[in-house]
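Two complexes come next, and they have one chain in common, subunit A, joined by subunit B in the first and subunit C in the second.
Presenting the complex of A and B:
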């Protein structure tokens, strides 16, 4: 095993250049800009914002709508990123909801019983999430079982474990502890902090956390070696293995990242809702797929779009808020969000087919 | 190797080999686990499990898990999944109950309509998956969300009850000591087994699931297989919904909330690969029984219901590991 090791290194070094060579012939018939799913999403969001704000003027109300929307969006963005981390491999993580729940439990427990300050507690929670994720990745690589089954079974197990933990170790169904800083993180926006006459924009304090997460994940997959190797593992496991990428380690790392981001999402939701409770994460399953998939991330792996995930999450949040203002019930909301998912993806497909036809004709 | 042994094999070694083959199947392991679990349960509850009423309840409430597991198994067979199985079951029972209570249809008509509703939703799932080429997982994730909403659209959160007494007494009754609901599930399971073993369409589904390319080269329409599998899955979910209506005597929109995970657990524990091309009706039914026994144990020992999920999750993981180890051993032996 040690003998062939020096060989792969040059392959990796030439990776980017060979990538460009592959991209060259494709560049001749690149798809027009309107075939880009991100562009379509942006237009749909803009149209919906216009429609909703003309139907209900309160849609543009800063305190009632814009600020809560940003807070929710931060949570769903991070949830989407958690799924995106494993979609990069062509894997799925159905345990995103419960990884968030178990990390939220640990964080709540640390705040309550060990009186850990807010930020160190978050770090502990992130570590728990990453560990659970890494364990899922480890099971997947050692057994070579489909990630769907492994994370589904893990989800089963964690559902039971979390409620057992809350009823046994915790105090019923929630920790009602509020560590210092949690409340200001929940309710304050930057406009509450002024320097002289200059106040910040009406952006909740938790938004930068989500934005930072998106930037870090984006940079990871764009520039870092680990991220590129995860993507290569996702697009062709065999080829990645042959070019010397430690694929098992990359798979475990991607799943650990997914667990870590799930934990972060759990933390953000706990901040938003004001308590570390047992039902944190239970609503994460659909949003975790909505953001990345609407944004053009494939389930087959090998390619991710962080910007698309941001837009996909934003679209769902706009629909959710808009229909809420129009006084649709939660159930009706579900119907429309499901329809939007199908329609958006079908249109995507149509657009792609049309674009490809035009491209081949010209 | 096989040629020389088979030529020199006596009838005795052939029989022993056949016996060994049977012992090595995952179905045999499942039978052992189920029997062992049953005996342990019966012994530790001082025979409580063997009392008429308890025993009837064990098998009565096995019907829906079996049907839902089969509904998932059919789509797993072509290499797809159906996340809408659970909510579709609930939706079909709501539709059937609505037809009887609100529209005043006779019970048999409502039952057929309930099953057809399932088949129709499955058909839509399959057509959307084939036409748009969107991953079946995402299509059914979307339809799960939509049906979840529709389910509450039928009658809000209210409960339907007092519909057709004949149907309910049929659903809760027994024939020759066997609960009718369980009997219905077994008949359906047998039909599904015959379909996959004997019918050309069933074989084509498995061919598509096993290797789409070679299936297409041998003249099988993969698109048709996928649509058919989704429709069958929906139909089975519809049957499960109707059985639920007959069995419980009152239904509301929360039916199906807790069926999605068991629907995957049964076929996966039963040895159905997620890759497609393999189905095991017997395995799925046995696995549903094992999951049911975990449920019964929870009720008998009156332990925290959360343990059920924890144990079932562990069993699914364990079953998956075991299958993998077995496959690897078989691979290395060759």
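Presenting the complex of A and C:
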């Protein structure tokens, strides 16, 4: 699910892929389906799954591999969506980790000290994340300072704030409270719930939350006016302003969405790990970019791919799990993750170039 | 948000998916019998495969490798592995543990990345009938979901280190504490240990500064120590270190600066031991990583064989020893004796075997 803006040059070689919405002249030649970057990612994932499962049959172990992989993928999908929300503008949000951390602190504090139930607590955390994100967007639009600088500074400020809050207002470095429903959400899969003899699939309960987030973000950019205006703003700020789009408002809204999704990612990680702690989000930076960028979201803005983000996050998760099962050493693991990612991206690029050449000959 | 008409079908699909999800959530839940139960079948040592999983790559854990192999030989274990790829990330460590379980490892010696979350990881492993010991670090709080924790009592070790520093300072002056990640509850315990020793001086010793988050790597620690000495070097009478990288950095920085600062280090890195011998390091507090891995493997093997813990989740101090110039040649004998004693204690105190 993706939605780039109309291309200024209708003869551009890299035409639209099947899951992109492009409002441009019909004369543009459409590339074959296999030239779609998402299709390439899917093939790479499928090949890796076959390779890893043939080398280690335990790769297909449902309880020890498939279920944990889905739970982690849910977190990193939402982390990727948080970054995607601002990549749509051509911006970056380097404060995704700490927006997750500050929201997780507020949620944990509410659960621990106010005995707030699980879902209302999540809503409070989402509100905090959205507010911090909106503040970042407001600073960017007001000062016209690059989003990289603003969010980097915000991240530094929040690192200190989170640490102070946990040591001052909190109880050390974590809230270990488990509100009703949290343990089920963490440990259960749908296969634990049955209607007669019919039980659900081995899918963790947190997966639908991430899927719902992906669908909502996808719909926002695909069909809503706000989403398309955000993309237009990311594609060409000046053109968007001249078209009557309230660009400042759209920038603030995109950053608020990024903050909200960061908060959701923090919540999901806290559920997975079992505590709302100060280190929530500390590992989010790289995955926040990996998923969207591997999936075809442009760093320059104007085009996003939610489906690509799902596949990009899935690719990194498959690689890490597979290499874990092959018991690589820490040095080998880092080398091979890098090599596999470069090979995957290179093959994807080769496939795209071949498709373009074939398209230009026909 | 204004939605185009063409989205109606998509929205309907979302609504259906949600309804199915909610309906599924409303179904009856299967019985939880067995969750959290200990391993029911007894295993001979040859069928016990133990994975040693530190929080990440760190010199402290390197002795675990040889100790694990020694345990395999001495106890006739089916297999041991050492995997440090968790990268100081609790999520990665959880994945790693699941991967190792999928490969047939049925007992785990784990240094949890996050002491605040690690009980959830231990509970997950126990629910899958896998044995787990917390090695090198105990979970935060008063409960331990592992069968046992065999680790340095970090607060006591920090207290010992600070007391040694105060003694070396002559009982008065300014002390600085260099340590690790502030958001780690073990660091909070170390800070508490140092503060306790300082409080006992009734104001004669002042804790000038506690510098946290400098154990990520040696370069970070070196920069922090250089900055500290440039700003306050002349005011400081002693530096107490409760993390590895700051210890190595402060030992060499103080030596180079020729300042009359007493350095109390931690662990027995060759740089530290050389510093003790040449007098640039006043003392170091060494821990017992070999004992943690070796005796931890012994305890796990006995539990797999049908023994039970007399007190499940008990915290056992693996020992910490103050090393100065006087005992630098003999401290390892003391440490080996502690390991032998710990193994005997497992048989006599901690385990109940029929």
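Please note the rule applied: the second predicted complex is superposed on the first by the 310 of 362 C-alpha atoms of A that agree within 3 Å, B and C clash if a C-alpha of one lies under 4 Å from a C-alpha of the other, contacts with A are read in each partner's own complex, and residues count from 1 in each chain.
Note that in this section a residue touches a chain if its C-beta (ideal position, glycine included) is under 8 Å from a C-beta of that chain, and two chains touch if they have at least 3 such contacts.
As the structure is a prediction and not an experimental result, all values here were calculated from the model.
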(Q) For A:153 in the superposed arrangement: first (subunit B), second (subunit C), both or neither? (A) first
Q: State whether A:145 touches subunit B only (first), subunit C only (second), both chains, or neither.
A: first
(Q) Looking at A:193 after the superposition, I want to know if it touches subunit B, subunit C, both of them or none. Which is it: first, second, both, neither? (A) second
Q. With the two structures laid over each other on chain A, which partner does A:64 touch: subunit B (first), subunit C (second), both, or neither?
A. second
Q: Determine, under the contact definition given at the top, whether A:346 touches first (subunit B), second (subunit C), both, or neither.
A: first
**Q.** Which superposed partner A:112 touches (first subunit B, second subunit C, both, neither)
**A.** neither
(Q) By the touch definition at the top of the document, which applies to A:163: first (subunit B), second (subunit C), both, or neither? (A) both
Q: Identify the partner contact of A:289: answer first if only subunit B is touched, second if only subunit C is, both if each is, neither if none is.
A: first
**Q.** Contact breadth on subunit A, by residue count: subunit C or subunit B
**A.** C
Q. Just subunit B (first), just subunit C (second), both, or neither: which does A:75 touch?
A. second
Q) Which subunit A residues are contacted by subunit C in one complex and by subunit B in the other? A) 163, 167, 329, 333
(Q) Show me the residue ranges of subunit A that touch subunit C in the complex, using the header's touch definition. (A) 56, 58-59, 61, 63-65, 68-69, 72, 75, 163, 166-167, 172-174, 176, 184, 186-188, 190, 192-195, 199-200, 205, 208, 211-212, 215, 219-220, 222-227, 269, 272-275, 277-279, 282-283, 320-321, 324-325, 327-330, 333
Q) How about subunit B: which of its residues touch subunit A in the complex? A) 81, 128, 132-135, 137-139, 141-146, 148-153, 261, 264-265, 268, 274-275, 304, 306-314, 316-317, 320-321, 324
Q.
Could you list, by residue number, the parts of subunit A that touch subunit B in their complex?
A. 92, 139, 143-146, 148-150, 152-161, 163-164, 167, 286, 289, 293, 299, 329, 331-339, 341-342, 345-346, 349
Q) What residues on subunit C touch subunit A, complex-wise? A) 1-4, 6-7, 10-11, 14, 17-18, 21, 24-25, 27-30, 56-57, 81, 83-85, 87, 89-92, 94-96, 98-99, 101-104, 114, 116-117, 119-121, 123-124, 127-128, 140-141, 182-185, 188
